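Here it is, the structure in full.
Per-chain residue numbering starts at 1, and chain names A, B, C and D are given in the order in which the chains are listed.
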Amino acid sequence: MERTNAALALIPLFPLVGSVAAFLVGRVHKRAAGIIASLASILAFVWTAKLFAAMSAETVLEDVVFSWFGVASLQVDFTLRMDALGAVMCLVVTGIGSLIHIYSTAYMAEDDSVHRFFSYLNLFMFSMLLLVLGGNLLVLFVGWEGVGLCSYLLIGFWFRTIDYAAAGRKAFVVNRIGDAGFLLGIFLLWMNFGTVDFLELEAAIAGNMTLVGLCTVVALCLFIGATGKSAQIPLFVWLPDAMAGPTPVSALIHAATMVTAGIYMMARMDFVFALAPFTLAIVTIVALLTAFVAATTALLQNDIKKVLAYSTVSQLGFMFLAASAGAYWVAIFHVVTHAFFKACLFLGAGSVIHGCHHEQDMRHMGGLSRYMPITFATYLVATLAIAGIFPFAGYQSKHAILGALEHNVNPYIAPYNSWIVALVTFTAFLTAFYMTRSLAMTFFGKYRGHAHPHESPAAMSGVLVALAVLSLFGGWFLETRLPNFLEHVLAVAPGHASETIVESLLHSWVGIAGVVLGLLFYTSLAGVPGLVFSLFKPIGVLFQRKWFVDELYQAILVRPLEGVSRGLWKAVDQGFIDGAVNGSGAVIDTSGQVLRLTQSGQVRHYALWMFVATIAIVVFFLVRS
Amino acid sequence: MIPVSFYLTLAALMFTIGVCGVAIRRNVIVVFMCIELMLNAVNLSMVAFSRTVGNLDGQIGVFFVMVVAAAEAAIGLGIIIALFRSTRSLESSEASELRR
Amino acid sequence: MMILFALLGALVIASAIGVVALRHPIHSALCLVLNLVGVAALYAMLDAHFLSAVQIIVYAGAIMVLVLFVIMLLNIKVEQPHRRGIILTLLATLAGVCFLGILAPLFYRGLRGFTDHSSKIEGTVEAFGELLFTRYLFPFEAASVLIMVAIVGAVMIGKRHQQGGSK
Amino acid sequence: MEILVYAVMLFVLFNVIMGIASINTWVERKGSALIQDRIGANRAGRYLDSDLLVLKPVLPVIRFLGILGVINTLLCDAVKALFKEDFVPQGVSKFLHALGPFMAVFPVFLAFAIIPLAPEFVLFGEVIRPQLAPLNAGVLFFLAMGSMAVYGVAIAGWAGNNKYSLLGGLRAAAQMISYELAMGLAFVAVIVCYGTLDLYEMVNRQEGVWGVVYQPITFIILFIVGMAETKRGPFDLPEAESELTAGYFTEYSGMKFLLFWLGEFAEIGLFSFLLVLLFFGGWHLPFVDLPEHAWWAALIGHAILMGKVLFFCVLQIVLRWTLPRFRFDQLMKLGWKYLLPLSMINLLVYGALKAGGWLTV
């Protein structure tokens, strides 16, 4: 694996420059900001493509930008490295990113601080690229934090409304908790191996069976970081609330790129996870739970963006399932396909909202297929893709995940493989069901809202079409090329038999069933969902109220924390510290008062004190002798 | 012969009375007199010691104490008069401007 | 001899207490004079004849007369008892008592070791004068300078005062 | 035996003092009358007549004495003083009022203790020295008593409880203190000359030549100081100042007043004694030398001494009634600006002479 030097630094540089330029220029005339930002991301995409074209599976491009810092034994350089995995991720990030930039130039046209939006977007691109191209854990971590920061800024973009700002803060805090775990992992690695560079780490750890214990702990810490960033069970609460940001943000950050960072990191550190079967078992369980819980919650959400958010969480669960089964390339494959159709879904939702003048509640929509034919078409394609129906991208990756899960060799999970596959298929069915539900409620039936919807402008619909095409052919296109390309970087299971079209159609029965049922429920038999809901009242409420997760956190963490802090403030700060400070002041003051009495100005008193003093001295000498 | 400790006890007694006088009385002149009393007590003990020790040094000391006492009296009385002029009364309690 | 000492001792102590206890300054001044004369007598008993004469001349004769002068000139009234004084009196007497308490054992236990060769000295004027002008010449001169300073000082205080007074 | 001798001596001394005092009073009364060309007291006793047989031979003598005013001054005055009402002014502590005259007289009487009345003589095999207290620090004792006398005057002035007597008292005290200085220095000159403080020794030193020959100036200083100390004569400012009524003893009457008088005249006697003993050879006459230790020689010596003393007493009294009174500032100037420097220089001179060895007395 020889390392050739290449101008990798340019890729993140474009968005960085773009972000600064957009901010400065944008203040003056608004339209320029959008153009500059899109141009920057397109240039980045072109440059990545150029490098990608010259690459082969084995080549590793490296660019040591500058030597960052040296502390005692640790010498860290700011190196960027692009291997096969990096290239794929880079392409996805820059590709989808530029599409979304173009889309948002139209979407955010009439917003007043549009320059701020585009500069944050470019900044996000910059930090995501850093994350992906990072040669060592620290650069990755810089990107990791940058992404978190930008997500905070973008979620809370309309900071004037309090709950949007609160949502931003929530996202940031939860991410930080995850990052703490991630940091611990990095420290452990550094402490034990004295280096943070991926290649050196791989050389030191890969295959070395004695490090199982250490790797389990390190893997666990890294996984905690991943859960924070990619919204898995304990730390996923921020993603639904993140919908407070503008829709292109949700599309870019919360569908395509940022959330996949966790999986990319696991893929990059596969040699550590390989030595930690126990952690992988945990990952499997967590992912399974996340997928199932998110899917069930999405069933009863009325906000179109909330539905998509929960579906993202559920799909992430699928990706982690694939990764935990050891098939990292499958996880990356699903990441890519998911990026395509989820971005398309989000942008579709965006154009719907744009059309209905910021109406997000599906109950006030319906029958939009007549008003927005292109959006409806692209949304349809993406829904079929996510449902996992044959020709569409979703099928190949989901099918690959199921395959990987069946052959999972993890000692802890192996015995339950069959159970897990069953649950995963049921979740896939649910995914298909709630996606068609959202499709039906928005586009079929009669229009229930009171705005007059209109088709979104060319820029938006163009991007939608492009994404629809990708989600149509993406799966089929990458099904064979991707494994060969990632062979060297990730451990790829031996190739599995190619299927005939008929077999594929049969395998996607789950998705078809979900779609058919969804259509039935939400078009012709309009009353049935209400009936079913009333039948399973408690479960229904449970799903609707997002499994009471927020309330749970509020009760477990927030309230006691507030209580403790108030207690601390009252008892310690007020009582103890202030007490001590004022107390000492008071002591000196009172002693001063007492001493003042001796200065009575009366000669007689002084005489007496002198006499007493002489007696004391005499006594002292007497006693001493 | 009267043992020297008798004289010393007498002198100590006088000294104590002198000190108590200084501490108790408020009138400045009486305080001044009590100081003279204390000086006398000291003189007495010195003379007593000079006799027991057998040379005249003690008495010379007393002589010089008297000289100093005379000087002190001159200045002291001058000050007392000045004090009286300024505060119209010889109560030592009034004369505490230094403290304020 | 002992009777005389007891008598003089009683006189001295009584007059000392008189100085402190009597209210009117004139009375306390006269008590002090009595005390001084008593002490002079004690000096005579201790063979310090010159000193007793000087004591009377200097102390009783000069200083006390000055004090009497001041008392009479300033026409000082009787001292009103001050209610806060009682605490102070008690304190002072207490201090005095414990002072004596300390000294008493010292005198009786401490000085037993002294050999008493009181026969050798006599405080005659000749012996005194001789010693004064040989070994103690320097202190004698210093004392005279001190007296000079005192006189000048007293005049200064007095004079400055007159101007102050007359202004 | 020792005490008997003391008792006799004391008795003799007391009589001598009282004798001199009374003679002085008589001389004063008659002398002043003579000087002022008037007839003194001559009434009392003059017409004494009684038919007691026993008194018959004595009567003419008494009548003569009455004419001379002796009875008047000695007897009548004493009796009058005894029976006069002893008035104590209001608002004055009785103790102080009584203490005044006592302090005025007591030191003077004490001062007589150091005065040797006659040369030593042998009686019943016992050498008797007619000096009550042969103190080693003789003259110093006299100085001490002099300074104690000041109290009497000051207290008397204060006890009078009125401004005049107070001022009089303070003035008298001031006068006595300032002249005390000159007296002290004069005595020092004498001591330097004779080399001893004891008066008896001094008289012996004057066997051949009288002291005055050696120390005329000291004599003059002491004479003036003597007059000032007794507050008589030209210096009787505090007592008889026109505006101070009778000075510090205005408030005294009866016995206390008499005490003051007695004190005054005793002091005249005292200073006369001193002058005689220090400068006029005491019981020595130039060409007469008396055998040692003979009791009758002592008697003659005593007579000689008393003669000289009387001479000086009369001199002082005469001076009193001839010289006008000093103003107080003149008095002070004389005391501080003339007498004090003079006595200092005098002392220096005699000190130098003594050190040089020329002065061998």
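Quick note on the criterion: a contact is a pair of C-beta atoms (placed from the backbone, for glycine too) under 8 Å apart; a residue touches a chain by one contact, two chains touch by 3 or more.
Bear in mind that the values here come from a model prediction, so they are computed numbers and not experimental data.
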item: Common touching chains of subunit D and subunit B; value: C
item: Per-chain Cα centre nearest the global Cα centre, belonging to chain; value: B
item: Whole-Å gap between the CA centroids of subunit C and subunit D; value: 30
item: Centre-to-centre distance between subunit C and subunit B (centres being mean Cα positions), rounded to whole Å; value: 6
item: Centre-of-Cα separation between subunit B and subunit A, whole angstrom; value: 96
item: Subunit A and subunit D: spacing of chain centres that average the CA atoms, whole Å; value: 130
item: Residue numbers of subunit D (touch at least two other chains); value: none
item: Of all residues in subunit A, the ones touching two or more other chains; value: 604-605, 608, 611
item: Multi-chain contact sites of subunit C, meaning residues that touch two or more partners; value: 50, 54, 62, 69, 73, 88, 91-92, 95, 99
item: Set of all touching chain pairs, with the criterion as stated earlier; value: A-B, A-C, B-C, C-D
item: Subunit B to subunit C touching residues, read off their complex; value: 1-10, 12-14, 16-21, 23-27, 29-30, 32-34, 36-37, 40, 43-44, 47-48, 50-52, 54-57, 59-60, 62-64, 66-75, 77-82, 84-85, 90-91, 93
item: For the subunit A and subunit B complex, residues of the former touching the latter; value: 599-605, 607-608, 611
item: Residues of subunit D touching subunit C in the complex; value: 93, 96, 99, 135-137, 140-141, 143-144, 146-148, 150-151, 154-155, 157-158, 166, 169-170, 173, 177, 180, 184, 197
item: Contact footprint of subunit D on subunit C as seen in their complex; value: 24, 26-27, 30, 33, 40, 49-50, 53-54, 56-57, 60-62, 64-65, 68-69, 72-73, 122, 124-125
item: Subunit B - residues contacting subunit A, complex; value: 19, 22-26, 28, 31, 92-93, 95-100
